[in-house]
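Would you mind keeping the following structure in view while I ask a few things?
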Amino acid sequence: MDLAPAAFPVAERNAVVIESAPVGRRYHRLRLDAPDLSALSRPGQFFHLLCRDGAGSGPYLRRPMSIWRCGADEPLGFLFHVKGRGTAALAALRAGDRLSVVGPLGQGFTLHPSWRRILILARGVGLATLAPLTEAAARMGIAVEAVLSARDPADLMAEEFAGHSGAHVFPVLDADGSSDPLAVEALLRARFEAARPDAVFTCGSNRLLLLLQRLSAEYAIPGQVALEQQMGCGLGMCFCCVRPIRAPDGGTVNLRVCAEGPVFDLQAALGW
Amino acid sequence: MDLAPAAFPVAERNAVVIESAPVGRRYHRLRLDAPDLSALSRPGQFFHLLCRDGAGSGPYLRRPMSIWRCGADEPLGFLFHVKGRGTAALAALRAGDRLSVVGPLGQGFTLHPSWRRILILARGVGLATLAPLTEAAARMGIAVEAVLSARDPADLMAEEFAGHSGAHVFPVLDADGSSDPLAVEALLRARFEAARPDAVFTCGSNRLLLLLQRLSAEYAIPGQVALEQQMGCGLGMCFCCVRPIRAPDGGTVNLRVCAEGPVFDLQAALGW
Amino acid sequence: MVDLATRIGAITLANPVMPASGTFGPELAQVFDLDALGALVTKSVTPEPRAGNPLPRLCETEAGILNSIGIPGKGLDHFIAHAIPEWRRFRPPLIVSLSAGTNAAFAEAAARLAETPGIAAIEANISCPNLEEDGRAFAMFPESAAAAIAAMRARCALPIWAKLSPNTGDIAAVARAVEEAGADAIVVANTILGLAIDIETARPRLGAGMGGFSGPAFKPIALRLTWQCAQAVRIPLIGVGGIATAEDAVEFMMAGATAVQIGTASFVSPTAMMQVIEGLRDFCTRRGFTRSADLTGLALPGRRLAAE
Amino acid sequence: MVDLATRIGAITLANPVMPASGTFGPELAQVFDLDALGALVTKSVTPEPRAGNPLPRLCETEAGILNSIGIPGKGLDHFIAHAIPEWRRFRPPLIVSLSAGTNAAFAEAAARLAETPGIAAIEANISCPNLEEDGRAFAMFPESAAAAIAAMRARCALPIWAKLSPNTGDIAAVARAVEEAGADAIVVANTILGLAIDIETARPRLGAGMGGFSGPAFKPIALRLTWQCAQAVRIPLIGVGGIATAEDAVEFMMAGATAVQIGTASFVSPTAMMQVIEGLRDFCTRRGFTRSADLTGLALPGRRLAAE
């Protein structure tokens, strides 16, 4: 379906909910009918969602949510941890309800055509942010290995992550200690040695960010990280979503997660 | 079902909605499961309703609503004109939802056992306030004649008014001019002459209040009127619901519609 | 068991929750046992009878209300003769709210109330208009606020709680001034001036034009005022403004309040005060506070969280 | 067709709707054509670069938000070199919001902006802290407000809009003072100080402690401030505070505002300003107003409703 480029790159749209369903015990997924926006969306970008349930009740400000599924022939999908009032209102939406979205927003991940193999390291619902990257890599013939860290098997959502990307998933769980930093470091070293990735990506855990920064520096592998921060406008206007990011001159500069981010160079991000 | 008198005469109760249905084009009725409160309620009293629909969305303050149906073996009923945000939220309630009510509140109508015949004059949804009076009169063997004034047949709601009280209803409509003040005056004089009522009651129209005051003074027939006023607490604490009422000494005094009212002596009320 | 006992100067309350003046009356006894409250606070009484403002006296805004009731009442004589006896049916300490137009009138009325048995303290509503300052409230300026309190202090041995207004530019200065003038506690705060216009009639929605703004929308301002006063004075603070839940009450206590008042929330839920008392007990149990009084001032700069 | 043209002193806007400083940027051009706006208002620029406040810089309250961004920015030199050229891509009049710590710094910056082509007016953010008055905002007192405006007036030919603070005790006096000091219009109002505490950590939710309160919950206060200023000065008023719909905008105009600004509402609906412009046109059509300017001041005491 060939869409004329939207007059404006960012839309404020009341999209119809196609599917609203729980995932495991703590998560929920939504699929929306917005073909033009889904086609425009890039992995790592996000939408700013107005969390009002069917009857208009919910918190005042919008909530940022990574794009979990997108593409010309794919409904716009979000996968989220039901945490507070906003995500609860989203989880209360039923098919047929409308959800106000603003987006696609922010700078997504970058994949170089020359890359043949990438490694993904995600914790918890961070995998939602990295899922569309896996699909995109598969379409470019790039092999994907993914270390997914979660509390227990129920929380793993490997299927929600990999979809039909064919990514090779290495689950690590708190339940059996395999998600312990030392164990994860050993696994990463083994993968770096056995099938050296051209680039690494992470989202969702400060500890894993610091670990991946150290290892990828040691192995001189470039990387990217998707960060999170509380947001007001989501469009780069209010300066409430800044994070200190390492500047080329060695100092740090406050950059907007919603505008310069959410994806930053792995080595430039500072732990939070 | 013999109920121990409630420890406190006024309850704040989350009652379950048994029935929620539109009536005609502009009205709606609700029936609630609150047997003890329904048994305590007297004609002319009201409840203060928290107008939040199934999902908790609605205006901040409660709305006052007359008791339309009550009695030991009768669900608590309200019949209302869907007018603004509050009544719209009430109309959005579904059977099984909960509705927070405070009451029964206020002073109701008085019926003297010695009376044999009463006449009721109601405009629009004012008939909801007078409906339980009709039932009570019928139970006391008091004959009831009711002049119901409405825009057109669809708005008449004679059945919602009379229920099985056997009241004799005289409909007067804007549509055919029969609700014109002169026509209503002629009808009332005819009824006063043919079957002189021991007392008259009215609610819902300033014009009809003034007409009934004049005629019942001329025929020396005692009467009562149920008034309305915007409310804050509904319990007599805030003094925002006052209306000027004629005092015995000929002057006027500000009385609280929620505490001293809503029912006042017909001749004491001032037009608004 | 959590100890909710609350000391405000010489008075001890069973718990820190009481009604806000003007939003409470003996009529609430129809709903629950008023003896469960920390204290009872009356509608402001004025020396002379007052008719009150033209209607409408109340309107809704987003998450709050505007009111301009105009302190109607039958005057001090009627209050002492008829209202006090009715209030004496209840056990909690009785706090009489007093409004007057001049320092002398405040002092005279306070003296008469001091001689009336059964009154625990006087809440001086100095946020009402001062007729000798072209209608500006006493509590707008440190000097006029202090003068009213000092005048009462000289004629009345009962504890005096000064109720401050948010409409001043520097509430900390007003708080210090009333402390120096002898106030035993500070109630912060009365309503903040607001307006709503009906665009169909191009007229204010309230008969009197402007009105007092209260309810949840007002909470962040009232909490800030409490926080500022807590860092300016040593006498106990009573926080009021938009409190509807136990969480709200804990926020005000952590900002420095020793006790809290609940007003507009009782219109939405007449049992709100009971729910706050219960919720406060649950919070203290969950977080390991043996005395609710230990919450007071926890969030103030420089105070570590003791219970951690 | 309804004429939405709006005159503010020497400047004519296509309609009375513009953004509020700090809640708007060229990034909004990704969503709609900014040329449809009455005017463009920049984030406050400061003479020197500023890092801004510690995080979190924003939190939600009931029907509103608290913010303490701390006016981060790259300073005046960078603004004139890089930001102005970017703003010149758009047609509506450009209003540059200026914040400074002293009268001299205000005057110096205003002078430099006056020599920069493409600027229609300067919005003087005198609601920010005055470093020479121990951090109290210029707009807290008539004298300090007037001094800042007078200093700018002497060095800058551009129209100066004085943006006032709700934290003062007497905004009418401050309004009169800035009018006399040469302000061409008054923007009323900046955010009002508020606080929110996280009771689990017993710490303020904002990194900087207190913050500015804005959004729908603030509207009744901002509307009252506009109403008070409208009866105190003759220069045009620009109303701002909790406006999200055309009905809100009409309320402020009837209270005396010539134009309105929309801030926090754009966070909830980036197209809010467009909806207000459309809604204003519909209201005027429905109620028979041929010029939206005829709405200004309709609700003020003594003004009959012309259109009835």
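The first chain written gets the first letter, and so on, giving A, B, C and D; residue counts start at 1 in each chain.
Criterion: a residue touches a chain if its C-beta (ideal position, glycine included) is under 8 Å from a C-beta of that chain, and two chains touch if they have at least 3 such contacts.
Which chain is which protein? Per UniProt: A, B = Dihydroorotate dehydrogenase electron transfer subunit; C, D = Dihydroorotate dehydrogenase.
Note that this is a predicted model, so its numbers are computed, not measured.
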Intersection of contact partners for chain A and chain D (Dihydroorotate dehydrogenase): none
Tell me, please, which chain's centre (mean of its C-alpha atoms) is farthest from the centre of chain D (Dihydroorotate dehydrogenase)? B
What whole-Å value do you get for the distance between chain A and chain B if each is reduced to the mean of its CA atoms? 58
For chain B versus chain D (Dihydroorotate dehydrogenase), what separation do you get between their C-alpha means, in angstrom? 49
Report the inter-chain centroid distance for chain B and chain C (Dihydroorotate dehydrogenase) in whole angstrom, where each centroid is the mean of the CA atoms. 37
Whole-angstrom distance, CA centroid of chain C (Dihydroorotate dehydrogenase) to CA centroid of chain D (Dihydroorotate dehydrogenase), is 33
Please set out, as single numbers or ranges, the residues of chain D (Dihydroorotate dehydrogenase) touching at least two other chains. 61, 63-64
For chain A, which residues are shared contacts with two or more other chains? none
If you connect every pair of chains that touch, what shape comes out? Choose line, ring, star, complete or other. ring
Name the touching chain pairs, would you? A-B, A-D, B-C, C-D
Okay, in this complex, where on chain D (Dihydroorotate dehydrogenase) does chain C (Dihydroorotate dehydrogenase) touch? 61-64, 66, 140-141, 167-170, 192-197, 199, 201-204, 209-210, 213, 216-221, 223-224, 227, 242, 247, 250-251, 254-255, 283, 298-299, 301, 303, 305
Which residues of chain B touch chain A in their complex? 53-57, 92
Tell me, which parts of chain D (Dihydroorotate dehydrogenase) touch chain A in their complex? 22-25, 27-32, 43, 51-52, 55-61, 63-65, 67, 69, 72, 215, 266-271
Spell out the residues on chain A that touch chain D (Dihydroorotate dehydrogenase) in their complex, using ranges where they run on. 8-12, 50, 59-62, 100, 102, 229-230, 232-240, 242, 254, 259
